[in-house]
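In the part that follows, the structures are each spelled out as structure tokens.
One chain, chain A, appears in both complexes that follow, with chain B as partner in the first and chain C in the second.
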Partner chain A sequence: MSVIRLNNRFYQKLRSCRYSSTVTRLEEEYTSTPNYPPILDLSPEKKRERMKDESYDQIKAVKTVEEKQIKLNMPKYYGFKSYMLLENKCGYNMLPMTQHATRTHLVVNKGLPDYYKEFNVDELANKLKSEVEEALSIEIDGYQRLHDLTNEALEKEDLEDIVSSSLIKRINRIIMNELSLDLQDTQVDIEPRIEASWNVGGIVPPSSVVNSRKGVPWLKDRIDEPTDRVMVYKGVPILTLRSKLPLKSVIPLSESENPDLDVPVFDCDPRTIGTTTEYRHMTNIPGFWPGDPHTFGLLSYHKRGYMHLRKDRYNDLNDDQEAIHRQGILTAFGWLMAQAHYLGFNTFNDLTYPLVTQTVVTNGKTWSFYTYQMNTTMLCERFFKSNPRRNICWATDQMDLFEDIADGKLIGFNDEVLKNLLKFYLNRPESPLGINLTPYLSNEEKLCSDYEDDHKRKWLEDMFKFLMSNRPRHKLVYEIYAWEKIYKIDNKTRFMDKRLRPFELFQHPYQRRLDETCPRYIPKKFREDVKRVKGGSYRFEKTYYP
Partner chain B sequence: MSTRWYPIYQKGNPQLRVFLPNFWMKLVRPVIKQPPNVVQFSCSMEMTKHDIKNYLEKIYNVKCVDVRTRIHMPKTRLEPTFGYVIKDDDVKYAYVTLPKGEEFQFPDLFELDQTKKDEEANQEKALKQSQESYDKFLEKNKERENMPGWFSV
Partner chain C sequence: MRITPVLLKQHLGWHFYKHWVVQGKVKPLETGATAILKSKGIPVYDPKDIISEKRTIEKIQVIGERDLPQPLDETHPNWHETPLFKVGNNNVLLEGLNQAQIVTNSVKIADDLPNKINVEALPKSVDKVMKSIIMQSHVFDAEQKTLPKIKDPERPAWNFPRIYGISQERRNKIITHKLINLLENTSDKDLAKQRYIFEDLLFSYPFERNGQLAQLEVSGNVVMTSTKPLPPITNDSLESHNLPNIDPIDPLITFTKEHIYELRNIYPIKSTVKAHHPHTIFIHFDREFVKNLYEEEVTTEQIFGRSLLHTFTVAASYARQKYGDGKTLDEPVTVQCVQTDGRIFHFGVLQLNTLNLLDASTKNVWYQTPLQYLFENCEYVKGKPVLEGYNNQIIQQLHSFYRNV
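What follows is the complex of A and B.
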């Protein structure tokens, strides 16, 4: 048998060798000033950093929003091990961990920051007061709901959430009607699905990483070096408002580098305070699909029914207040992070301009207001120390909108809360002059729907939607049975057995890459040009992994 | 629930003023770094989260905000003579969260003073050096079997 038949690559090598003998002319070899290659630090850590930077630049160079999301997910077929930061589940003392994971400096004031001073809402508040009062008394105490009639046994947290969501929809409608001219260009989403994923560094490595480092001679000094963790935010607001233009920033981007804006360090594994993990694809969904022109969030309302559960378990008022701050920070950061992904930024490529959003956490009676400015998304371990920017959250303490309801009348209505809310609505987005809002997206193709090729467009769309759905794979990751762990892995008692299982064949399913899969088979009938040659890739569908 | 039952009172019996369940808790050094207000215990398998909380609050007057437990399966090993697999008993670990601001550091029970530590370190160093020089000597002479040590170039 010839060498070419035995080894396919040999023929390719031979082909590439054809031109090797071409003589380059002497003049081309010399330039007037010597061109030296850059001098690189060849230490293992610097090499690793360069390798990482290269992969981050590859993500930056990807053209469209959808492809960027697929690119982020390329390393893992079965998803990343992710720490779940859920909106409505908060353990004890979770604020420092959340601040660390979002790198947020928290400013707590009695009222809103000076940013809102320019808005005079006294007249508007007086005008809307009676309508809001009526909405409150009707929604909270005015009529029987479906669960009252069916005698459904709902928990008190669910009851509160039902009331607060219908109330907020009503209050939003009242304000939108009044400000219809100002809010013409605003989209309202009711209970949108919001998810965000990002990498966080500065956390002590898990024991498996420590053990593996112990075995490598050049890693021995760096056993305790922090590692990246994937954080996932999942939440469902009552209602969100978004627009085509961004809100103006509260402080300029350069001020976010001020080292006085301290952020607590929480370097323990988040599981030590009750966070759970899941294997998931990195999803970033701000409540709409790419291509919607209203990409910038203005305002979101969030429920706080879960506070009842906390009261039963911890019964600590001070920590309850912190839990609400945690929710304000996390929901604002999560939403902005998902928006930032649609603008072409991600956890490896930093924002070029700040993003601002406003958050309200309420149960109808108690209200908390948050203004969040996101200055950086780059929280991964590679830049964790070198990145000086911090995100900032301006928070108010909890305020009661009214004291009580008696005979359908509100007692002790607090105008200040309504004024704060109206100020959030009056804060209108502005056209940012001279800023490219999507610097890391291509100028020609920002979305996969901009591609000419029908097949490519459909393939990318399908893959994107599949990843974002986070449905389990058709073939689940294999299970190591308990008897295998005991008799095959921990104690080698069955060495005569045939080695058939992945752990005996040096296969690691969780390290499988997204594209390590057979493309879809096209039956002969549907092939465009059936070649006579047997074999070859034409039998399978073309893939477009970025 | 404790396996020891509170004796049911029969009329005429002497009344017990003290009831001792067979519960125990042992403070252990955490393997994974914990926040300063989280303490790890191993405890009796029968104890529930409520039992742990009551145990610490009623007996030791330690306020605990939250208790999380897990059951740890120890590693299995082979019996040296007959080669069958042995597993030790499972252990229940409790992670107790203290109120914010409280700190707990696991005590260094066998604390050595600095001079003793230095002495030990010196001894170890000397032992290591002599071992190294002996290894070197062996390495040098491994291809010169049956030659006297002084025979060298």
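What follows is the complex of A and C.
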């Protein structure tokens, strides 16, 4: 039987195939030196790595800040299982885990690093000393607060936080008024909401992953290979200062690759030391929404009232000092991570220049100072070993601003604390020459409000705010109820029931992607250009998932 | 899993039925033990008579971590037979400013600021910062809390989706702090050193009016104090000015009547503090909390009345601290006030001449501006942050208040 009779398109194909054109095409294909395609490693690991790299490049190519955040959240409709690193909740021995999760090399000194030697603050400190002393005495015994008069029963940690908050506002006001900082450049935020999320590798896989790998023949060699975990930082500083320009780096970026900067490895599951988990969308909020030009943090003050709870529970001074270091590292890293997201970087696309911030942890009497330089955000498993950069935190020991109070007067005022604080204020941001601050954002559209299309702008804005709010979905999240576990899974007592639940139908609701949902229905009266065609996509709102 | 829903997944009736089917067929076996025991003369008892013992359950008094709250009745230690008429932070007066004038014995001189307070134009850079402050407090702050329920009077049963955003309380807090920061930044350094800022204070001033006890108890959300008291604004004769007449309404109407109370004079800042003289009070206004007793919307007049009552309470409690319990003052006390919800601004100045609130010869003096708006609209419009209709008068007036020495 001839080919033409077997396949009736063969004759048309034969006609379209012209010998002459084939010749010219072949000629174009030849080059003087052979140009081979890259030889790809076809092992499963390398294939997976290439797939991951491709998805990270996709995130890098997304144009605006908001879309990047939506893109990060695309894989999970119900959010990621996240390890909650909270500012004011610290269990025993949490410092190594925090250093691992933030890849921070900690340097503890008596004072601030040499970087601050250029600032001469003796004169200024003498000038402001009396004012700060007065502010302290007002806070200690100058007025009755609302809770004193309403006989509200407050815990001692809350009382301490109230006093430290109002003292910090007072001291900040004194210093800012003295320095006359330009308000067009420096912003003061009171109790801003700060959240950050990032992936961390190098942690042993959970038992469910180990068990599933055991069942797959080609994964048997990689049963204990670490997996990514999503870490979430949530905190509320007393007060933050931010600016339009970044602080200059303490050390150059290349020095952060020095292998001598050791970072402890904590490869256990963070839940082993008291961290809890939640299902959440990845949120990155440095206290304000994209669009505010003051994107670089200068200084943040944090409360430490929660130390009272630790005293009752652990009563270990050494661990208390570590807990404060942990707070200093975590709060600085969390804030910088959120800022980095607004500049277009994320946990898969690394920083191109270092970010620096300064942190103060205080209860009014005891002060700790931290300078943090973030060199890398790329802590995910894919680059966990190959990424040589480390973040660095320079910490001071705890210092007392005064020794004691007698008859409402301060005894033993420590000038060093005030000087350290003033140095933080004098460290002004500088315009970085020749550096593109937002290399991974589009030049035309850096924010979704830059788009021309009204509908797209509104849709992206709503979706962004919805994800950032982490508000519960209208329908409750899927879960296997206890009674189902007992009567359906562990003991098959209900074989007569119809199989309707996802675990009976081999479905995995937690693997649902963000866009796997029906778009919003538009009632007829709100539709534009109603076509008299049944079906078609115009009944539903257009979506703009990145 | 929620605890509330009734599951009924495991059908107990069905299970009980199945159990009954099986167990119903079981017959008790006759072992012959009773007959053997009886034959040997051993008495046989019914096991129920021996095993089931009668228990009496004793009541245990549970002592909690904390004492139970006192019941709010005659047994309360602060219960008094004579009722107290009280105005708190969230009350407003029925007749608004007119009623407040009668209660505080104040006459309104003009719908403007006193001549002594000069309102001057400011450089354009200040307006620029001001605009960014508005944007930061109304748009760019990242707080996301459930906002109050939206109600449509046309469709009262309609449930709108709850919106997440910046709460009114936070807006008030941010804008006040940033405004004070701006005022200090644009003023003289020495002036800023004379002023202190206090937050979350409570002022209380009790008084008697025609045999009825009354107390004003308000919180100055943010209070600016100064090292020197403000001088009087006017020395003119007040004979031509009269108090308004709200007959037949009682001046203490919509004061809440309470039997559990403590009469106390509170000016919370101690006189040992260098700057303890009240200068300007910033009152926050939040429609969610500040309400009429009878559900009507709070009117502009009532907002004015609130400003006067708050300012009077601060001035009067300060005068008590300074001059003791007498009703005449050696020198008048002057206090300025700014009431705001972030968008509306109301400025007032009170000169307290007397604490005798029924004195027809001496009266207190009240100046105020009309209600002003800082802007028309500031929100995301189609995904774009927008600020429309900015009013530069507000910052100028605030600045003149701040500079007033």
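Keep in mind that, in the parts below, the second predicted complex is superposed on the first by the 506 of 546 C-alpha atoms of A that agree within 3 Å, B and C clash if a C-alpha of one lies under 4 Å from a C-alpha of the other, contacts with A are read in each partner's own complex, and residues count from 1 in each chain.
Here, a residue touches a chain if its C-beta (ideal position, glycine included) is under 8 Å from a C-beta of that chain, and two chains touch if they have at least 3 such contacts.
Quick caveat: nothing in here was measured; it's all calculated off a predicted structure.
In the model built by aligning both structures on chain A, chain B fits alongside chain C without clashing. In the superposed pair of complexes, A:Gln511 makes contact with neither chain B nor chain C. When chain A is checked against chain B and against chain C, the one touching more of its residues turns out to be C. With both structures placed on the common chain, the touch criterion links A:Tyr487 to chain B and to chain C. Look at A:Gln184: by the touch rule set out above, it reaches chain C but stays clear of chain B. Once chain A of one complex is fitted onto chain A of the other, the partner contacts of A:Ile138 are limited to chain C, with no touch recorded for chain B. Residue contacts after overlaying the shared chain place A:Trp289 against chain C, while chain B stays out of touching range. In this overlay, which is a superposition and not a single complex, chain B and chain C have their closest Cα atoms 12 Å apart. Overlap of the chain B and chain C interfaces on chain A comprises residues 487. Put simply, chain C touches chain A in their complex at residues 1-2, 7, 9-10, 66, 125, 128-129, 132, 135-136, 139-144, 164, 173-174, 177-178, 181-182, 184-185, 189, 192-193, 196-202, 204, 219, 266, 268-270, 272-274, 380, 382-385. The part of chain B that touches chain A in the complex is made up of residues 31-35, 37-38, 65-66, 68, 75-78, 83, 85, 87, 95, 97, 99-100.
Of all the residues in chain A, the ones that touch chain B in their complex are 91-93, 204, 206-207, 266-269, 272-274, 313-314, 316, 318-319, 486-487, 490-491, 493. Taken together, the chain A residues at the contact with chain C in this complex read 131, 134, 138, 141-146, 149-150, 153, 166, 169-170, 173, 176-178, 180-181, 183-184, 187-190, 192-193, 285-289, 291-292, 408, 448-449, 451, 454, 456-462, 465, 468-469, 471, 476, 479, 481-484, 487.
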